[in-house]
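All chains are identified by letter, namely A, B, C, D, E and F, in their written order; residue positions are counted from 1 within each chain.
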Amino acid sequence: MAKIITFGEIMLRLAPPDGQRFLQSPELEATFGGGEANVAVSLANFGEDVAFLTALPEDDIGQAAVNSLRYFGVDTTKILRQGERVGIYYAEKGQSQRPSKVIYDRKYSSISMVKQEDFHWDEIFEGTEWFHFTGITPALTPEMHAVCLDACMAARERGITISCDLNYRKKLWTTEEAFETMTKLASYVDVCIANEEDAEKVLGISAKDTDVDSGKLSYEGYKAVASEISERYGCKQVAVTLRTSLSANDNRWAAMLYSDGGYYFSKTYDIHIWDRVGGGDSFGGGLIYAIRRGMDSQSAIEFAAAASCLKHSIQGDFNRVSVEEVNSLMKDGGSGRVQR
Amino acid sequence: MAKIITFGEIMLRLAPPDGQRFLQSPELEATFGGGEANVAVSLANFGEDVAFLTALPEDDIGQAAVNSLRYFGVDTTKILRQGERVGIYYAEKGQSQRPSKVIYDRKYSSISMVKQEDFHWDEIFEGTEWFHFTGITPALTPEMHAVCLDACMAARERGITISCDLNYRKKLWTTEEAFETMTKLASYVDVCIANEEDAEKVLGISAKDTDVDSGKLSYEGYKAVASEISERYGCKQVAVTLRTSLSANDNRWAAMLYSDGGYYFSKTYDIHIWDRVGGGDSFGGGLIYAIRRGMDSQSAIEFAAAASCLKHSIQGDFNRVSVEEVNSLMKDGGSGRVQR
Amino acid sequence: MAKIITFGEIMLRLAPPDGQRFLQSPELEATFGGGEANVAVSLANFGEDVAFLTALPEDDIGQAAVNSLRYFGVDTTKILRQGERVGIYYAEKGQSQRPSKVIYDRKYSSISMVKQEDFHWDEIFEGTEWFHFTGITPALTPEMHAVCLDACMAARERGITISCDLNYRKKLWTTEEAFETMTKLASYVDVCIANEEDAEKVLGISAKDTDVDSGKLSYEGYKAVASEISERYGCKQVAVTLRTSLSANDNRWAAMLYSDGGYYFSKTYDIHIWDRVGGGDSFGGGLIYAIRRGMDSQSAIEFAAAASCLKHSIQGDFNRVSVEEVNSLMKDGGSGRVQR
Amino acid sequence: MAKIITFGEIMLRLAPPDGQRFLQSPELEATFGGGEANVAVSLANFGEDVAFLTALPEDDIGQAAVNSLRYFGVDTTKILRQGERVGIYYAEKGQSQRPSKVIYDRKYSSISMVKQEDFHWDEIFEGTEWFHFTGITPALTPEMHAVCLDACMAARERGITISCDLNYRKKLWTTEEAFETMTKLASYVDVCIANEEDAEKVLGISAKDTDVDSGKLSYEGYKAVASEISERYGCKQVAVTLRTSLSANDNRWAAMLYSDGGYYFSKTYDIHIWDRVGGGDSFGGGLIYAIRRGMDSQSAIEFAAAASCLKHSIQGDFNRVSVEEVNSLMKDGGSGRVQR
Amino acid sequence: MAKIITFGEIMLRLAPPDGQRFLQSPELEATFGGGEANVAVSLANFGEDVAFLTALPEDDIGQAAVNSLRYFGVDTTKILRQGERVGIYYAEKGQSQRPSKVIYDRKYSSISMVKQEDFHWDEIFEGTEWFHFTGITPALTPEMHAVCLDACMAARERGITISCDLNYRKKLWTTEEAFETMTKLASYVDVCIANEEDAEKVLGISAKDTDVDSGKLSYEGYKAVASEISERYGCKQVAVTLRTSLSANDNRWAAMLYSDGGYYFSKTYDIHIWDRVGGGDSFGGGLIYAIRRGMDSQSAIEFAAAASCLKHSIQGDFNRVSVEEVNSLMKDGGSGRVQR
Amino acid sequence: MAKIITFGEIMLRLAPPDGQRFLQSPELEATFGGGEANVAVSLANFGEDVAFLTALPEDDIGQAAVNSLRYFGVDTTKILRQGERVGIYYAEKGQSQRPSKVIYDRKYSSISMVKQEDFHWDEIFEGTEWFHFTGITPALTPEMHAVCLDACMAARERGITISCDLNYRKKLWTTEEAFETMTKLASYVDVCIANEEDAEKVLGISAKDTDVDSGKLSYEGYKAVASEISERYGCKQVAVTLRTSLSANDNRWAAMLYSDGGYYFSKTYDIHIWDRVGGGDSFGGGLIYAIRRGMDSQSAIEFAAAASCLKHSIQGDFNRVSVEEVNSLMKDGGSGRVQR
């Protein structure tokens, strides 16, 4: 009985070899990933007992998705094996001034065809202490709005802690649709995570004096956003990731945690990016781990920021790092000396 | 203005490296293919002026499909750029007793979402002399039944020769659906191509004393099938491919042409298979070329059989061979001596 | 609590790309495998609840070995994480007259450095119904002789079925050493598996009129060997694999089961080999599965033979096939027609 | 009838995998490229109707070169199929202080063996509005001096706009030879493009206070160079690319256009280079497109600079970007945020 | 001072990955090979002290060719470092009925531009006991006719044994040119090697009743050819390789040695080919080794045939096998059982 | 008779593809390297006559190690072929804040199992002028302490110059063990090389005011260290490498030579790292070359620093650069302009 459950979609990620554009050569790197699956893998790598909940077809591609999670020790026994296809996303890495590019082909996937009645929350939540989903999960289909609401209500009833990464995806729904659904769900959320643009586009709360496209971030603005989210929706903790994109290769990365009225900022990392996709999810994984282990707020935000800093150096969606490696970065500062 | 038009779907083909099962490693070979596109590429490689008609989305994956056809000189200007996704098929090569395996993820692709009114046959058929489609094309959706009927009627009106490879796909429709649609279309077809099981499953005409699974083929039975197709539907020529599958690596391959009351059998090839997918399509390409060049019936069936024999030795859906190479096989007999 | 436990070594397998000799290019395929781990993966793929018992270091290479088993759903919670290195074997595939070549670098691996007291059989065997090991397990070190004897005695006490694949490895011990140890262990074995040369070299029981190097196998001789093993050591069932090596590419493969006084021969397969390593282990996996599911003797030996026939078509040590695929081969006979 | 023709050599480019020196491993990336072909592909990707003129042998390597151009929609029907070999260049990417290295093996290629009489400019130029060549084209052989002069005269007669990238290659000819030939050709050129060292080495016009090796560029000096070229040879527009090479990974990149007496400087880009070869050619492609679309001088130089900035992020000679991507860089400034 | 010298060209061999046609994907396998270099590597692998004589440019490609020989311990100190290019050959592997294909791009290579006076045979032959060349060496250029004659005369003077593999290449010269030059050189040859078509095309001596294209070989005919070569040109030993090409994958292979009036036929091997190129050269290497070690005629021809049988199983031109492996094939008969 | 001998271990280096963690995919890059072998290859590439002394097993992996050295022209005839395994190290490249990681599996390798009496220094040192080893060589085993002492005494007797790179490896021995052995050996050393932490951990001499982890290096401190080493142990020259690790991608690199009472600092390089392993060894190779060629102290340290700067740009342990390339960097300053 896994203590943590994350809920969402896992997709086949098809990526050309580094530096190539889509189908520039007939080779694709085929791995799996998706916001909530990425959080599950992060937590499993940190030693947590975690299950991933989704729907996957019974064919070999669906099985490979399951196996990719079992590889890390994620519990896959709750996964519904039904539907017809595994969602796909094509991911092309950016370089210098050329941005990374993602093409989604996720419509009609198994998780997008589920019905409310496919989920038996009593069974699913047996023994569960923490439930995590993102703004992508309800955005998949109108049916999934209802499913997510069911999940939140069931979790709340059982006293399960609920975390949510707002994660706005404009290809999936409009800001109006997002607002309508997410404001309903937000009131169940204990720990809310938002990246730069989410709060504004999903909840309509904007950081003043910040223009993410120009790389200008206002720390004061983010404080106001976090406390307003907390106030409006009753979230106990609100975490904000602070990314400044200098180029496709170079980002500045930090995070803030609002907790019990206090604002805690992590160290800022200047990152040479290897693979940016999944960076935010690894932050979520780090934060959940830190909170569950009872770290104080400053330590928790440092842990989450360091964990996600490392993710940017790793190929694929999944954050393949251990607690020791995160601690080592926090302690040694990332000078990159060889570990023999 | 291309003289030949082939009409159908082109899909992204995702294949693990040789000898591996699906996603055994995170590498996939990504090429394009599909029954009617394969015929177009065969014809372009033989020097014919050929266009491929389909629908593809405007994104980078759709563009890559277009480019993969232009590479061979296929005219892509008739392709509709609309819809949301490129159909996919996953292809795992068999080995010895382990059969090749194909998983289709083609639903909701651009060509599956077209409407009858998207096609303006007057423009499309300007300058066209030959129109080719397969049993897969109408099988995609009920709308495509109507589209294919439109195409056949428009072609017939303009005196365009029509060829069709029956190509039954049980994942796309039932034999009843196939029968209902294909018997309507068959009456427009001048040149009909059938593989082992098509005639029976699509048109309900079976070769007596033949059991394709056991590798037993009855030449007499096939003669009867061909003449019955010709009689019932008025096809001028009926070609049948004769495959005996000994293992995933070894097949016996030959073909028969029924034309003007005569039965013409090609030489039989014992093939060590490299890539079997597209073998039938390369036969269609060879046959259309041979007929258009005015070869006599015996030469035509030999050319088509030799062309498709060579396809089995080539990686990917497309038959990357020239007229010279086909002629060389017909003349030298395939002893495989190095060409320096 | 896994119902089946297999016990032995899992090694890093380093193989040059197909057709290349060792280090002909600077690329190695790095996977994991080993006789008893291979059996565990086979059983997991057939849906059994199976654990693998071994020792592995705590470093990243050891962890990757663990992950490679979790990928298939094998229970890895019983694995001791201690010692300093993962054993390695270098595997070069043969071709035509050039034989496959294996170089072992397995000395001093974690499992080779274990002590008798590292294993707590009471805990290990909780809930276990079947215990499997091979002749390689005790051959690793003299300490492992004792460990295996402990395991067999503990299993016997608890009424756990014991299976053993004799699997003689001349690089690990002499026939004298093998004889001394294995004859002790054999008396605990319920289901004994022997390949061509094992019975003679390990137990000193030879098949008359058989010369495995020349490819001559005497069915009568094997009957006598099996019944003698059964008689001498009290094994309830004795299975013998019958391999005729025609070349590195082509083998003939069948098997015999001796059970309750009856001799059951499987169908004989002519195999075009893709990867021969692990062929015998996949037979063991198939046989254990068949017996546990209560198949009759003829069905059991057919299932095991078909399962291992398929393994020869698959890259790597592990038999990546499902029960459905084995059944399909038994039913359809391996003609290799494409499965769409 | 293509409206633009570019004329020169297309070579097989053989490159070791990233970070490796020549033949460090037995793998080479084999693509095609060459100054004028690169311009043609850029223009085709921008939607222009463009043909490439060269000579290529009739063998499979020559055909692959043709196909690589057709892939992008470049018209290849004007290419002479004659001669014996495709020219080759070996390209090793630099890293940090280690410079990129190019080894040419282009002598005796098909285009280097052409005769003046092989070109029928009346046919070639039918419907043509723009003709582009580079200083490499005439440098190939003395016969090619004459061929280029023929082309320029024929183009001038027909009122075709002529553009030329001076592109000095010291391995092909001396500065004296270059001077003698290029000064003759320059008087036909409407749009002249020069990189850092070309003007000096080819036309003997040097930018004062500039030392390209030291990375010191004088904007004033370049203004003088451009106006002098315009004055001496009557070029309507003179474009100069301004590269500061900080290391093999990092370059600063900008450009200037002299037009109608005005000097227009583009934005300066700090580029993390992925593949530098073809950077100048992509500038030429961008500039021709911009001028043909009637952009004003400032917009034109910005477009050309942005197009070539992006090229540095792309593997291979060809600039695989669309007009939309160039515009997006000009508008959004290259912060590299993921495009979902 | 190497005791054996082989003399000829070493080329860069560019080959698409297995099963692909030329440039089907942008990947080429880049290795080195050439008839006489292949013999040198064979001999080095057998433990002989052997040097390779050729000319190579001083650039990185030439150096890589040198290194590829040093890798095997071949003495490269006699190689002339001059000229401008390394010859290239493109090699596409055949499959089933599709033959292997070789495209040469070797004109103007360093060895093709040498002058007679570049070779100082006194120095070159110091300490030499055996000199080997093939019919390709003089065929490169008319100048090389003279160089080879110089070499043969110098070798004869010093009592060096001379071996020659006739190796006719129709792309390099006509049968008339070959006849004129090779008949002159043949009178210096002590050990003559001919494959199926060489004797006829080079020396005008044909095997009656043999049609290599049809796979029909007459052993009696070959006996007559060998004795006639010996008689006419005074060769002490004449070896003939006997290849029957069944398909690109399957060949039958044997050889005959005529020596002291006796005819010695080797065992015949049925080979599943991995890479056929270099098969004849490996025969030459085996034969020279066998004769130098004083094997009797039957053993010598068996050794040479077994060595070259193994070559067909190995990727690349070079025969990467040891004396032990050849002996093992001769003794164990190629059943391909795994060597652990 | 090689004039230089380097002595130590050569290991198989197993590395995941760039950007991947250990066994993230089943592909490993397999090359060879090791501190002293790397120095030998550097020297061979600079044209020196150098042999590498070690022990390697007679199997194919041992042979591949030998071949990898012969490739560069390193004399391998002194290598002992004995023992059972080639040592291995797994190398994972770092990225940004994630450090590179090395896992050693070198215990029980052939060189670790040698006996004092296996080495016959009279034969080994015939014709030798320079002997190089590192602190890793004696650290392998206690027996190797004695072997190294034998070597040093034998070298000293013959007037051979001795160089040693202190190279402390904490996984091989404690600082106490290192101190005891290395202080004995140091008194034989003429040219001593130390990196940042060696002097302190091996000889107990620390650079004041320097904290390598924080990236703070004190030039004054290093001067004191060098002169103290020289004074205590009588080393004629002491070289110190000065690395500031900013991240896994970016290092600052310089070096100092203490010679005849003078301190010579090289230029400082800001390096974008491709492969950091072997960086120190390439410095040693450069320094030995420079001293042997009689460069003055400033030139010598510049040459060594430039050589090792370039190494950081090259894949694998070996420094694949020529004297010309090092000189070119010293002269042109590393602006990375393409060399055509």
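The rule we apply is simple: a residue touches a chain if its C-beta (ideal position, glycine included) is under 8 Å from a C-beta of that chain, and two chains touch if they have at least 3 such contacts.
Heads up on the chains, UniProt names are A, B, C, D, E, F = Sugar kinase.
What you are looking at is a predicted structure, and each value in this text was computed from that prediction instead of being measured.
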item: Greatest separation from subunit C (Sugar kinase) - chain, by CA centre; value: D
item: Fitting subunit D (Sugar kinase) to subunit F (Sugar kinase) on CA atoms, where both chains share a sequence, rotation angle to nearest 5 degrees; value: 120
item: CA centroid of subunit A (Sugar kinase) to CA centroid of subunit F (Sugar kinase), Å; value: 44
item: Length of the line joining the C-alpha centres of subunit B (Sugar kinase) and subunit F (Sugar kinase), rounded to whole Å; value: 62
item: Length of the line joining the C-alpha centres of subunit A (Sugar kinase) and subunit C (Sugar kinase), rounded to whole Å; value: 42
item: Residues of subunit B (Sugar kinase) engaged with two or more neighbouring chains; value: 18, 21, 26-27, 101
item: Arrangement of touching chains [line / ring / star / complete / other]; value: complete
item: Sites on subunit F (Sugar kinase) touched by subunit A (Sugar kinase) in the complex; value: 18-21, 24, 94-102, 104, 169-171, 212-215, 245-251, 276-277
item: Residues of subunit F (Sugar kinase) defined as touching subunit B (Sugar kinase) within the complex; value: 25-27
item: Subunit D (Sugar kinase) residues within the subunit B (Sugar kinase) interface of the complex; value: 67-68, 70-73
item: Of all residues in subunit B (Sugar kinase), those that touch subunit E (Sugar kinase) in their complex; value: 18, 269, 271-275, 309-310, 312-316, 320-321, 325, 329, 332, 334-340
item: Interfacial residue positions of subunit E (Sugar kinase) with respect to subunit D (Sugar kinase) in the complex; value: 14, 21-23, 26-31, 59-61, 64, 84-86, 88, 90, 92, 101, 103, 105, 107-108
